[in-house]
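Naming follows writing order (A, B, C, D, E, F, G and H), and every chain is counted from residue 1.
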Amino acid sequence: MAKVGIICGSESDLPKMKEAAEVLEQFGATPEVVVASAHRAPTLVHEWASTAADRGIEVIIAGAGMAAALPGVVAAATPLPVIGVPLKGSSALEGVDALYSIVQMPPGVPVATVAIDGAKNAAYLAVSILGLKHPTYREQMIAHKEQMARKAREAYERSLGQA
Amino acid sequence: MAKVGIICGSESDLPKMKEAAEVLEQFGATPEVVVASAHRAPTLVHEWASTAADRGIEVIIAGAGMAAALPGVVAAATPLPVIGVPLKGSSALEGVDALYSIVQMPPGVPVATVAIDGAKNAAYLAVSILGLKHPTYREQMIAHKEQMARKAREAYERSLGQA
Amino acid sequence: MAKVGIICGSESDLPKMKEAAEVLEQFGATPEVVVASAHRAPTLVHEWASTAADRGIEVIIAGAGMAAALPGVVAAATPLPVIGVPLKGSSALEGVDALYSIVQMPPGVPVATVAIDGAKNAAYLAVSILGLKHPTYREQMIAHKEQMARKAREAYERSLGQA
Amino acid sequence: MAKVGIICGSESDLPKMKEAAEVLEQFGATPEVVVASAHRAPTLVHEWASTAADRGIEVIIAGAGMAAALPGVVAAATPLPVIGVPLKGSSALEGVDALYSIVQMPPGVPVATVAIDGAKNAAYLAVSILGLKHPTYREQMIAHKEQMARKAREAYERSLGQA
Amino acid sequence: MAKVGIICGSESDLPKMKEAAEVLEQFGATPEVVVASAHRAPTLVHEWASTAADRGIEVIIAGAGMAAALPGVVAAATPLPVIGVPLKGSSALEGVDALYSIVQMPPGVPVATVAIDGAKNAAYLAVSILGLKHPTYREQMIAHKEQMARKAREAYERSLGQA
Amino acid sequence: MAKVGIICGSESDLPKMKEAAEVLEQFGATPEVVVASAHRAPTLVHEWASTAADRGIEVIIAGAGMAAALPGVVAAATPLPVIGVPLKGSSALEGVDALYSIVQMPPGVPVATVAIDGAKNAAYLAVSILGLKHPTYREQMIAHKEQMARKAREAYERSLGQA
Amino acid sequence: MAKVGIICGSESDLPKMKEAAEVLEQFGATPEVVVASAHRAPTLVHEWASTAADRGIEVIIAGAGMAAALPGVVAAATPLPVIGVPLKGSSALEGVDALYSIVQMPPGVPVATVAIDGAKNAAYLAVSILGLKHPTYREQMIAHKEQMARKAREAYERSLGQA
Amino acid sequence: MAKVGIICGSESDLPKMKEAAEVLEQFGATPEVVVASAHRAPTLVHEWASTAADRGIEVIIAGAGMAAALPGVVAAATPLPVIGVPLKGSSALEGVDALYSIVQMPPGVPVATVAIDGAKNAAYLAVSILGLKHPTYREQMIAHKEQMARKAREAYERSLGQA
């Protein structure tokens, strides 16, 4: 079972980030969910991120809202791929602030950004990355895509039936 | 040597996307650069993307401007991780259109989005992903981060010297 | 009775897209409403779109939210005119993402874009297009505009009466 | 030979709108290009638009910048399909003003909006609409899509050859 | 008693525009409130606007949402000053579309634009314009500013008292 | 000859604001152009604005860039109608900052806002306001609109001739 | 006990601005909260701001929504540091108007801008500024950061415990 | 002579940030300018920021572009007031990304944000803050404001002379 680190800056972000954890568990991966703020506890974040690889974590998902420095700060401290989730939260800018803060990283330190509040997609992306190393995730990702296609075809059939 | 697919929709996108290829080559990975438009040659794109894994490609980088459907169309056709690069090109919206078209993917089909015109970062992200499977890329990514830190420290020393 | 294809990516989009179907039915056109996701079931979408003309469909209305690739993917696969409806849905970007993803198509593959959540207008536009071939829709469109003008004049009279 | 009306508000818009005329001529359609401002000569615009169908025009392309009322004003005066082209021109808002002014039409009076400065796509859209009535444009549109796919495949082959 | 024309495109805009009428009545001006849509009843709007001066109207307030052509269309048809009120209504773009459509008028045909949903301010602006000709409105505007200052000072005193 | 005050915050704004002065002079109005910064010389601005009516000024045009407080500060100090011109200048936000700062005035203190860099339109608006009191400006505004329509018709004729 | 001036334009802004007052009181500073509108009572604002230093105020916090001239007007009238809080209020632009109006100040008259509705952070910033002069605030700010880090670590521990 | 730390992430940011240093030197303050990237050399930044107060620095100015984490990361590591300068640089988003990344800080860790590319204003703000403790900066700031007012009055006189 592959380990995926999930980090967010505040306990109020947990319900959204747990959507990612649930998807990972459906695929048989083990999420390690922690709350650690880049702005309030920078040393803690650096410590967690720089030792993540040593603890066996293979991919990191970092969610943050507003100025949203967390994903970039984590990416600076680890050689692992870091997926960033811009959180809308209660920001007046409705997540555009977090999106720009996460996606516009300078050369050399990328963050793999997904949609605003796209925690589930962060997990699917993590699984596709785990698939490089672990055949089970590659196979499950193929199965996931087939199932999506099957469900989409069922919705298509239902829509035809309603005509 | 790991293979990374690089795809963009038009030959005018090639100079930007070749920045990604150069970074990959510096890390000893093999880029496969192709031009194939999601809107002009959808069958070709589907064919290329759905067989990428079979050809030994492990990560895909897809660059596109304006409506920028290419990264999502590619992601729909492969279980591989797909990195999207929003291209500014000559769009009146200066790449915001491409950014929104690439990052706001629906649940189940993520695209790992980097900054507008962030082709280099797409390559660094690909290397960090390759690091899951190939120890050489993990080691090189660690070395890359150390080198960045060293260069940053040198710039710091130079700036102190100017004071 | 002319056939108009209406396609959207998810069953949650149906209530909005059925507004288009209702307008079409008022004009005596036959909507064929289907659910098929460009990202989850790309083959199905391609199949539906590339055979639409053969099934007698004359205009296509495609609604999508967020990254909103569907209208462009459909337009790539058919010589028919394709009308795109950006859907606001629950996107944090409130439909601006879908608008940019649909309207900013590259040269050669246009999508006729209407307002965010403008499904009704997509239907009126389809009727005006059908009017090229079928005199009944041209006549009905003229009558529709006269009726709008009449209702507008009645509202004007009412407003004068309130003064 | 089908007639397509092309209208814009100022002579400075002509170079951009003539891109549409050229595409139409390549398809053997006859563009009628006129300059008439909705805000400076509203009566003239109304006269031109309300008689367009009688003069044999089958589709109208209207380009405008900034407040960009022209496409909507034309659409209000004709039962023909009206395609709107938001022009960037020298607006400080770089065409976003024109895009919003054209695409956000109220229910009942749609404008088929294309990309900012997307005059060529307006012409391709007009051809696909003409295809409903005139088999030659349908056939040419199919040939156009095949040619785009062929050129895209050639670009693909060239890109493979460079690898 | 000076007459001020107030026009909006739909009965659903009336509650907001009546805020302007109420302010005008407080100043002893006579509002003439009408509903007439630029896109649904262009002839009616042109007729109303081009005869407004003859009916004794001295200033016009025009409110509109979304593509918001009404204020500009009215301004094109009258030598009177026209004040535009961008209406938020239920637009997904929350009035930014209307703001851009109203304020970005081309040279020669200005619209005096106020804040989104700023119907009250449109009325205050109308009163300040009426003040050029009618001493009573100039005096009342001076009194209004003094009263605002007095109320502001009272709020200031109250806030001091709470400290 | 009616007097119109024109105020801007910096000498670098003068070339743009003199476009307004030129239009006013064409109509036989007398512009009083001054440079006075709301943020650097608030007392001077207050003094100038609060005595403008006493000096015979009938309308004020205020241009400003970036935070653009000047038009509102002027409007707070005078019962005269104040027209605001958002200046693009060299702002990174390209005049959107100035537009929002000028148009979004609170209830009770309106500023009649024109397009970004729309100094000419500010002058046309001033003339239409002067027309309330001075028949010559009303007549000239009517003539101006007729001339615009005539020139627009000439451009229309020219465009027809080119077909 | 150091004095911090808190000013906002309307009594409806008070609940938000009192969040700043509460934080200041927790640090043992004395807030002087006043309501005074830059647009409705400019003289009062100028008077209050230009005498603030004389009354012993050391830092000023100014909150405003929409056109949000207040912070800049205050900054123009005092040598004290002025912190600006853009207020979302009920603006259709959701505080972006206020943010741009406050942060984009011209050279020479800065306003220290915090997040939209960031009244609490304005207070923390004020405390860090007071720390220059008063050792107690420096010490308390250090303690505040330690406490934040401690609470962040506790949240981290709790999150670990849930795994 | 008070010390002000100036930090930016890259040597390409130095020319802009030196504008701040020059202003500080005009006021007799001592800038300590360093280059240190939050994403490439996080440990170095943390070290520099957390020891700044001990080295006698009293205010920090941090400039950054794109994701712009630097000002927040510095603010997290010091009890000193931190002023953030969003840099436009060559970002496709023209500094809006940096503005949102810097100004939208979470509660407890404020950054005093100035205009995009507003390095000079950062220095003026620093001087006003230094004025709390050092009477010389307070006096100089008063003199600076008087000089600005004097220059503004001279520009006003010149503009009057041109009339």
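Simple rule for what comes next: a residue touches a chain if its C-beta (ideal position, glycine included) is under 8 Å from a C-beta of that chain, and two chains touch if they have at least 3 such contacts.
Not measured: the values here are computed from a predicted model.
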| item | value |
| --- | --- |
| Chains touching both chain D and chain G, listed by label | E, F |
| Repeat of interface D-F, chosen from F-G, B-C or F-H - more than half of residue-number contact pairs shared | F-H |
| Selected pair, greater C-beta contact count between D-E and C-E | D-E |
| Centre distance in Å when chain B and chain E are each reduced to the mean of their C-alpha atoms | 51 |
| Distance between chain centroids, defined by C-alpha means - chain E, chain F (Å) | 18 |
| Whole-Å gap separating chain A and chain H, where each centre is the average of the chain's CA atoms | 34 |
| Contacts with 2+ other chains: residues of chain C | 10, 37, 40, 43, 66-67, 76, 91, 93-94, 96, 103-105, 108-109, 115-116, 148 |
| Touch relationships between chains, expressed as pairs | A-B, A-C, A-G, A-H, B-C, B-D, B-H, C-D, C-E, D-E, D-F, E-F, E-G, F-G, F-H, G-H |
| Contact set on chain H toward chain F in their complex | 88, 94-96, 115-117, 148-149, 151-153, 155-156, 158-160, 162-163 |
| For the chain C and chain D complex, residues of the former touching the latter | 53, 58-59, 76, 79-83, 99, 103-105, 107-116, 118, 120-122, 124-125, 128-133, 138, 141-142, 144-145, 148 |
| Chain E-facing residues of chain D, complex | 9-10, 37-40, 42-43, 46, 65-69, 72-73, 75-77, 91, 93, 96-97, 100-106, 108-109 |
| Sites on chain F touched by chain H in the complex | 10-11, 14, 32-37, 40-41, 43-44, 48, 66-67, 91-94 |
